[in-house]
Each structure stands twice: as structure tokens, then as C-alpha cells.
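Down below are the structures I want you to see.
In the two assemblies presented below, chain A is common to both, partnered first by chain B and then by chain C.
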Partner chain A sequence: MTAPLDLIVLGAGPAGAAAALKARALGLSVALIDEAPEPGGQVYRAPSAGLVGAPAEADRVKGDELRARLKASGASLHLNQRVWSLTAGFSVIAIGPDGPLTLEAPNLIVAPGAVERPIPVSGWTLPGVIGLAGATVLLKSHGVLPGRRVVVAGSGPLLLLVASKIVAAGGEVAAVVDAAPRASWFGRLGAMAARPDLMAKGGRWLLQLLKARVPLHSGAAIRAIHGRDGVASVEIGPVDAHWRPTPGPARAIEADAVCLGFGLLPSTEITRLLGARHRYEPELGGWLPEVGASLETSVPGLFVAGDGGGVRGADAAPLSGELAAIGVARRLGHSGDLEQQAIAVTARWRRSARFGAAMSALAMPPPGAVAMIGAQTTVCRCEGLTRATLDTAIAAGAWTLADLKAATRCGMGPCGGRVCGEAAAMLIEAATGLSREAIGQPSARPPLRPVPLAAIAGDFAYDDLPIPAPAPL
Partner chain B sequence: MSGDLHIGAAGVWRRKVSFSFDGEQLNAYEGETLAAALYAQGRRTLRISRDDDGPRGAFCFMGICQECVVLIDGRQTEACRTPVREGLVAERLR
Partner chain C sequence: MSETYDLAVIGGGILGSAAACRAAAGGMRVIVIEQQTIGSGASSVNAGTLSLQIKRVKLMPYALKGHELWEQAGARVGFHKTGGVTLAFNQREAELLHERMALKREAGAPIELISPARVAELEPNLSRKVVAASWCAEDGYANASLTGAYYRALLEAAGVAIREHTPVTAIDRSGGAFALATPTGPIRATRLLLACGAWLKSPSAMIGLDLPVRARVNTVSVTERGPALVGTVIGHATGLLTLKQKPNGSVLIGGGWQGTGSPEQGRGAVDPETLLPNLRLAMFAVPGLDRFRVVRSWTGFEANVPDFYPLAGAAPGVENAFLLGCVRGGYTIGPYIGALMGDLILGRQPELPLFDPGRFSTSAAAAA
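== the complex of A and B ==
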């Protein structure tokens, strides 16, 4: 490193990018680090480098503007960097195309975003079943349809986004299957009215689907996905208000792909690794770090912005990034009108957050949704564990995620429990009636991502190994 | 599942590169990830599960689920984080 940094921002999505830009505007020296080859996060994801002349959709244009501003901002950008460990104080340890990288600064804003919450259903391990968020990657970054005839299933606003993108790209959506009853969308209208512009966006997606005569099923869920080498058909049926399958009539839909997801949960592995205090708040997606007014966590100097602090959406995210950057500047002793700025940004953030949080709550499965998972359904894909196997271990006393992992290896595979952790917690909740606080979170330990040992160790010969001087006798 | 899933109106791809997957010669657009290139061409099965002998394929496309891990140059690598380059040789895990 050439000059000491005031701040490291981890994650270059809408929240992290705004945090870095604001911090630069306030005169701080900033490094911004991200796993992707270009800034933008999931929402403003850059199209693949080989794709030129992609249509100028609103998200594309906004993303390109953001990328241009970041490159001109004077923040040092570290892209394609996979952060696999962090230490307090703060060191961010990553591996990138040019080898290992360590950044150090007294302040850290984490903007890790959210991950998708899958609920395992029979047949979800078949090739051609992909996450809703994964579908947006295929569509936005690669210009690839998830399938010729696609069932889009789960809950929340991503259903409409993905389905409308497929239709717009010339694909066929065989059905949109939303577990939430239609009434729960209407129940959120009050909060949605806080942002009529965003509500109109959702309305346009819906209109597009209606025009294409896409069947929309509310209060329904996938019973099973069938196929031998990949998806061939999907069986759907009604669910009750708690999203439990009911005896109503099932129907079979021919399809070659399924996009599946039940909302987003905050990505908390970094704040957990650094020892911040967390609480469980289902309305915002689940576990999230506790923060004060300036979005500083219980660890001094560690701030959290965007969906990683509670799923409030891409519109609220930049405002929380700005707020965190102002907090860092104040912590560094900068003065001026920072307090007034913080008050103004907070007011705007609250307004946007209200809409985002309503969307997040709409996607959040109630505990009853665990009934969608059949006894023989694979829950932990890495270790090949079915619900029946996990239920047996839970019945034998594995009442926390840590116990369940010790008993069955659930969450011990290469995904680190990021795909199965929520479903496993739902199973313990259903069997024991324990609170999520009692069930706990998956443990966060380095390496946070799989990294090749050789890349970390670097090149050395046996003779290069330092041999400590013998201790005096 | 047939044909190519690349969307015509998505944009113009610069050029094609060739690569091999389990010995089969395939083309991809330069810059797209191996996971997207294989998926778009109907090569969706990336491994066979040792647990239930069932086929598995990419799920998250963002480096989380590890379902798209294949062997590239003898090293286990996520196909969703690997842009295809000319002459790339990838194999399914055994």
C-alpha cells in the first residue's frame, strides 16, 4: 500500500459504491473491494465483457454511470477479489487474479448484500432448476434465457422481475407460482405507496405478464419437479395462509427450467466473523447486525450498509451507504455540517427503506413453509442430506445449527451452509418450537470462500521456510 | 431442452472462442462464463451426485452454491466465475 487508508468498503453494489463515493467526496482515502470483475453488485450487474451493444435498460444505464463515477472518484478499486478472511482493526484478506491481497484501515464498511433463500422442494437438485437471483445473472450478464419454457416459483418481487425479463427476451413463462396469497400483496399497499415510482415499476412487470397471458398462481407452490437428466415437468398445488401445502388439486406443467427463490436474507458472514452483535428480524430477511444511528455495529469502526444490514432493496441501499460514510467521517473527527447531512440522508433512507422492507416481508416464508420440504427431499446439497436424515438428528437432540452440523455435516460442505442454513433452521424450528435466537446462526470462519491453498501459500521452496532460532536452554 | 438459449436481442457478442468440456469441442462467446456457456448450450449436468447418483448443475451462478465446480487445468474451479478463453479445457468432476 502506498498511503494509509481511512476506509475500506467491502462490496461494490449500490450500497458499497455509494459509500465509497460519499467517503471520497468527504475527502477520505478509500479502497473498494469486490468479488465481481466490475462494480455494480447484483442489481446493476455489468454485462459480460464480450457483450457489446446491449440494450440500454434503466438498470444498465444506472450501472454504467455508477461504474464511470467510481473510476473517476479516486477510490482505489480492487475487483475480482475474493475476500476469504478478515481481522479486527481491520485487515481484509483476499485472493485475486494477481495473487493474495491484504488491505488495512481503521474503518470498514461492509456492504455484502443479500443471498437467496431457497426452500428445498422435491426435484430441486435437477439441472435446470436455478435460483431466481441466478436467473437474473443469466439474463442480465450473459443474455441467456433460463429455459425455453420456464416455471418461476417462490415468493416476493423477484418473481415478477424474472418472469417479465424472460418474456421480454422472447422466452415463455409457463407459470408464475407465488406462495403468498394475493391478499398479502394488497396488505402491503400502504407501505408501497411511499414510493409510487417503484410501485409503478412492479405494475409494468405485471402488465407485461398479463399481456403475454402468463398464468399467475397465488397461494400456490411447487409440489415436485420431475425429470431424468433435467427439468421435464413441474407439479404445483395450493398452499394455505402459512404456506403449508393443502390437499387441493395439483396440476402438472410442462417446462424445461425452474427459477426458484423465497426472498433474500442479509449476508452476515463478515459481521459475524468480526464478532458484531446480531439479532433476528424476520421482516427484514432474518439475522442482521445490530447498528446505531450511523450504521456502526457493536464493533467500533465496523459499519454495515445495504441489504447486508437488513433487506430493504436497491433503492434504499445507496442512502445507507452514504449514511455509513458520513458516520466514518465523523468517527475520524471530521466536522462541518456532517450532523445535518446525516439527518437529511436518514430521512430519505427511511422513506425508501419502508418500501423495500415491505417487499422483503412479502417474500419472507412463514414457519409453516417448512411443510413444502418432503421427507426424501435433499436439503443440504453439498453433503447429500435429506430432510428425513436431518429430522432424525434433530429428534435425537441436535437443536442448534452447530449441533446439527456436528451430527450430520449439514452446512459443512463447500457452500459453507449458505444454501441450506435457512432450511435447516426452519426444520429445527418446526420440530422443537425453539426461537431462532436459540437455534443460532451458522458459524462464520475463514476461509469464507473456497480458496486454493497453493494460491494462498504462494511460491516458495523448502529452503525458504524460516526456521526459528532454538530456544535457549 | 434443445437449441441455444442466447437471446438474440441481448446485444452483439464480440467473438467466439472454442473450448472443450469432457472432450467435446464447444464454442462460447468470449467473456461469458463457462457456467453460462454450458447452460446455454444444453450442457446442464456438471456432475453426478455421489449421494443419490442424480445429475447436478449450476444453481446460483454467483459463486455461492459450488454446484458448478468443474476441473480446469486439474484444479477444482467454479464455472460461474471462470470466463471462457480460447482453448480452455474443462472436465466434470469424477
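== the complex of A and C ==
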């Protein structure tokens, strides 16, 4: 470590990158950390080094620009880092290519983005089934198609994005299956009209799919994914306005891969780990940290930018990053026209956020969607627990995620509740009618992602272990 | 609510639940009031170690009884008697081990010293740097996360009323009985037992007591499932490591390394400064752990008092009120000492002596 840092930014996606750039422009000393080998996050994800001749599409060009600006910004970039410890005050410990890294700063902007919201359907654990966000990584970073003939299913605008990328990359989309009835898209037109440019982008995806004669099913969902060692066929059927399967005709679609997802959840593990207060807001993806006008959470010095503070989309994310950076500068006592800047950025952020939030709401499953999960469907894959097993425990009184975890081990595996937590909460909600506040969130515990013990332990000599006095006799 | 219980227990952990069950079995009408859910505190977040080798000499008779009770609970609490090995890696630790295990053996624990060669036979995947070791066939573990479900079933079977998610905000003892204020209305009882572990300080202040209770913030870590490495409970001469591999292949690592935070703040946090040596010690003892991935680390609050012995007895100066909190080894000893407490409240002579909380000077003014 050289000079003391003013700010650590966690996450180098659109929000985190913008926060770091803005903070540098305001004269702060900044460190930016990310898990990936290059900045860019999910939207501006860099193609992997081995991928030569990747198409120079718009996101890619913007991403390259962003990467160049970050490298020239004077922010210290720490890439390929796996953060395993985060403590208030703030101290961040990570493991990277050069061994352990410790950073300390009085301010922390977290820009962790969003995670996939899966709703388990029969057969979702078969090889060949991946998440919608996971599919965008495959396509952008590795130029890999999820399969030869793909069903893209779930809800929200990611359906169109993934399907159009598959078509553009020369793959076949067997069907797009959207649980939301077509009418709900029209219901959001008002908010979408705030950003005609983005609406046009969505229109282009749609046109591309129509041109490729991809069948689009609205108000429908996957009943089951069939296959022995991988996906062989996908059975779809109609759902009602609450996304509950209805007795309408089911049809089988031959496919070798499925991209499945029901929108995005704000990634709140870091803000929960640091003890920030959270509230449940379905329109923005679910649980999110409470923030003030400068995006500071209830933990002083801890700011949140981008989708981790509520899913508002890639367009709003950089503006929230800037806003948080301005907030940090003000907290550090910098003066000048920071207040005016904050007002201007806030206005632009609100406008973009309206569009993003409308898109996010479109993907949000209503509580009725829990009916898509069959009794024998695996909900917690780490521990191999079916819906029936969880329902039994809930009926026996496990009315919070913590109790359900204690009773069944749901969420105790390597995923730490990231994959199963939302579905488990939906099951409790459906069975008890309790609020999400009463049901609670999965507990966030270090190291957040599994880390090899040897990587944490590093090199050490036994005699140097700071073993305290023995326990009392 | 007009009903007056014979006994209100604040705190639905192992101790409070065990005492409630015994009192109900003796004919009392009992209610357990818990701020979260039954068994959700230290009772369920500890490492579940049942090791006589890490028990204090003076508590050994209680620990032996505790082991019997956990064994009887069996599969309902995930009980496994595996035996346990305690390791010393240098001369200083070897001396400590010899001295301590001899005293614990005298106190009734079937502990024997074994050679490093014997350790290698028992547990071939342990470090070859062991210089001395002890063995206890009675040692093992249970699954602490099943504690809540187990005690809930016992409480229900005993006919004990359960009030969860119910913090007690005030205690009034002016009317000859205790009136406990809660957000869902008052609860009345003629006797009161405070059994809220590391949270004991605030409710005891409500009856005018100033107890020297502090919280220890113990850290536990678990790995993802991996190939079989060890079959017994592994400990360290200093008591600063407990390690076992569950039948599912995950490895649980504890040892009482201290995190940060306090019950008053509402949450504890893992401290990397203590987690790191905890994990290093584990890896030193079981080198094959290097490839295992740590899935999560967490902390739990354990009550602590200056002499590290339990609090169990009548509340000094407050008629019909009792205190119960266990320090060091509470998971092992809890079911037994809780039952003894039930006997005391029923007016019976407990089988073994309890631990008078009056040994600490308390606020006399409040007791007036």
C-alpha cells in the first residue's frame, strides 16, 4: 500500500467504473476492485483473451473505451480479486494473482450489480440449462452459444436480449417463452417512453427475432424440461395473470439447451454483511439497502451504486456511480459546486432509472409464480432438497429463511442461499401469507463465495501463529 | 391475558428450554418467552462439539451427564460418538496437555495419552508434526442447527406455552407476581427464570441486578463437502481448535477465536485477524484441508463471567426469581444443568450442586 486511500470501489461494472472515474475527477485517491480479469461488469464484459475476432458490437466498443479511461484515470485497479473479508471502517481483504491484498479506506462504494432470479422448474438442474445472465456471459465473453437449438424462457427484457444475441451469433432459438402476458408490456409503455432510444433498442431485438421467425409465446411458462444426460425437449404451457399454470394445452419443443431466468435481484450480500438496513421493494427487484440522497446506506461511509441498490438497468448505473462518488467527496469535506453537480446527476439518474425500473418490474414474478415449482422439483440444489421437503418443514413451523435453513439445510451449501433463497422465500410466502420482512433474507457471511482454505491461509510458520492464552482449566 | 403462569422463562435456548421442560414435568404451568425463535442463539450457532477433553475440570461431572443426555437425544440432534484426539505440536503444548488431561482424567473423564504413532494410525491424514496427544472415546459431536427443532418438540410435548419473536421490554414485580411487558401484551407469572445467555444483562437489570455478564464472540467456519479426511473430533492442547468432518463431507472448524460486536449491538462479525490464525491452525493440524473451500464463517455470542463458571441459582435478593446462564461448554452441559435448575425451582434438591449467582456482588439497592 502506498498513499492512504479516500475510497475503495467494489465492482468495476458500469456503476463502479463511473464511481471510480468521477471520484478521480474530483481528486480522490481511489482503488477499484473486481473479480473479473478486466473491468466492464456484465454489460461491458470484455471478451476473454483467447477470443480473437470478436464482433465489434456497440457494448464491446463502449467497454473498451471504459477500460482505456479507467487505466488512464489514476485509480489503482485490482483485478482478478476474490474478496473474502469486508469489515466496517473499511477494510477489504482479497486474494488475487499476486497473493493476498489488503486495502483500507474511510469510504466504500459497493457496486455489486444484480444476480439471476431463478424459479426452479422440473428439470432445471439438467446440464444445458443456464441462467439468462449466465447466457450473456457465455455469448459476450467467450462467443459461445448455449446450445444448437435453444429455448429462452422466463420473464423480462433479458429474454429478448439473449434470444437476439443467439440469433446474431448464428444460433437457433426454438422459442421465446415469456410468463408475462403481452398486455403487461404495454402497461409499461409510459415509463419506457422516457427513453425512446432504449425502447428502440428493444424494438430492434424484437425485429431481429421476428425476421428469424422465432416463435414468441407470451403468458406461457416451462412445465418441465426433459432429458436424461442433458436437455432433449421442453414442455411449455399457458399461465394465468398471476403466472400460475392453467389447464391449457401443453406443447413439447425439441431443444438441446434452455436459458432460464425471471429478472434480476439486487446483489445485497455485501451491504448485508456490513450491517446496512435493507427494505423489500418488489418493483426494484426485491431486497435493497436503504439509502439517502447521496446513496449512502445506514452505515456511515458505505455507499451503493448500480443494480445492487435496486435493479434500474445499465443506463442508470453510471449515473448512480457518479452520484455516490460526489457523496463521498462531500463526506470528505470537499467543497465547490458539488451540491449543484449532485442535483444535476440526480435528475438524469431518476429519468434513466424510471425506464430501468419499469423493465425490472416487468420481469418480477408475482407471488402466484410459485405454482410453477412442482412438488418433486429440486429447489436447493446444493443440498438436493425438493419443494415437498421444504413445504413439509414450512408446515412444521419454519416460517423464516433462518428457521428453514436450520430445519432442512436449505441455503447451507456453497451457494449460500444465492440460488435457492428467493424460491425458498416464495414458498414460505405462499404457505403462510407472511410478509417478506417477516420471512427475512438469507444471512450474508464471509467469505461470500467459497475460497480454498490454502488461498486464505497462505504461507505461515506454526510458531508465528498468535495463539492466545489457553482456555481456563 | 388473565392467566398467571407458575413459571415464566425468558430465553428459549437449551438452558431455558431444559429448565422449562423439567418444571412442567413437575406439574408447573410454564411459558417460554423468546426474542427470536427457540434455540436460535448460541444453542444453534455453536460448533456442536461434545468433547470432555475441552471441558473444565470442575464441570466434568456435569459434562459427563450432558454427554449422556445428548446421546439419548440421538439422531434427533445428529449425535455422533466418534472419539476425539487432542494434539500438541511443541514441547510447551505437550506439557500443557499432560498436566491438563491428567486432572480431567482424575475428574472422571476417560482420557488417555497416546503416542504420535497411535495418532497416525487413528487419523492418517493428521499432521506428522504431532509431538504428544490424548484420546477420549466418549467424545463426538451433535448438529447444533437441529437444537431448535429438538427443543421445540420437547416443549410442546411437555405442554409448555411458547411465545417466540417476543422481546420482554419491562418487568414489574409490584403485585406479588411478575408482570412481563411484551409488544403483544403482558404475561404474568409467580416465578421468573432468566435464561437468556449472552443477552442476560438487560433483563436482569429489569429486576434490579447488575451482573458482570459479558459476551464472548466465538467464530465457527464450515467448508464445502469434500473427500473423507478425519473421522474423529480433533482438538488442540490449548483448546483453540475444534474440528470435525460431518458425514456429508463438510468440515466444521471452531476453537473459540473471537470476532467483534456485542449482543447490545445486535450482531457479531467475523474478524479476519482471528479467523486467519484459526484456519491456519486447522490446516496445520489437517494438511489435506488445503484443497477444501471455506463456504462461510460466522459468530455466536456466549455468555461470559469473570470466573468462567455457570450462573445457576436464585437471583440474589429477588424472591421467586432465578438466573441461569452457562459459560464455557454450555452446549454440552446445558441440557443437564437446565434440568437441575428446573428441580431447584420445583423446590427439590438438585442432584449436583448449582452455581450461585450471588457469588458476584450485585446491586443491593435494587434488591430492596
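For the reader, a short list of remarks on this structure follows.
Definition applied: the second predicted complex is superposed on the first by the 462 of 473 C-alpha atoms of A that agree within 3 Å, B and C clash if a C-alpha of one lies under 4 Å from a C-alpha of the other, contacts with A are read in each partner's own complex, and residues count from 1 in each chain.
Assume contacts are C-beta pairs under 8 Å (C-beta built on N, C-alpha and C of every residue); 3 or more make two chains touch, one makes a residue touch a chain.
Small disclaimer: the values here were computed from a predicted structure and weren't measured.
In the superposition on chain A, contact of A:403 is made with chain C only, not with chain B.
Legend: residue contacts after superposition of the two complexes on their common chain; A:229 is shown touching chain B, with no touch to chain C.
Looking at the shared chain after the overlay, A:279 reaches neither chain B nor chain C. By the touch criterion stated above, A:414 is placed in contact with chain B and with chain C alike.
Using the contact criterion defined above for the overlaid structures, shared-chain residue A:143 touches chain B, although it does not reach chain C. By the touch criterion defined above, A:452 reaches both chain B and chain C. Judged by the touch definition given at the top, the superposed model places A:133 against chain B, while chain C stays out of reach. In the superposed three-chain model, the partner touching more residues of chain A is B, compared with the other of chain B and chain C.
Once chain A of one complex is fitted onto chain A of the other, the partner contacts of A:42 are limited to chain B, with no touch recorded for chain C. Once the two complexes are laid over each other on the shared chain, residue contacts for A:182 go to neither chain B nor chain C. Comparing the two complexes, residues 413-414, 450, 452 of chain A contact chain B in one case and chain C in the other. Chain C makes touch with chain A in their complex at residues 37, 39-40, 44, 54, 56-57, 89-90, 96, 100, 103, 129, 145-146, 148-149, 152, 222-224, 237-240, 256, 260, 267, 269-272, 275-277, 279-284, 289-298, 308, 328. Across the complex, chain A is touched by residues 1-3, 5-15, 29-33, 36, 39-40, 44-46, 49-52, 54-67, 69, 75-76, 80, 83 of chain B.
Within the complex, the chain A residues that touch chain C are 84-85, 87-88, 91, 93, 275, 396-397, 400, 402-403, 405-407, 409, 412-414, 416, 443, 445-447, 450-454, 456-457, 460, 462-463, 465-473.
Across the complex, chain B is touched by residues 35, 37, 42, 47-55, 82, 115-116, 125-131, 133-134, 137-139, 141-148, 169-171, 229-230, 256-257, 378, 381-384, 413-415, 418-419, 449-450, 452 of chain A.
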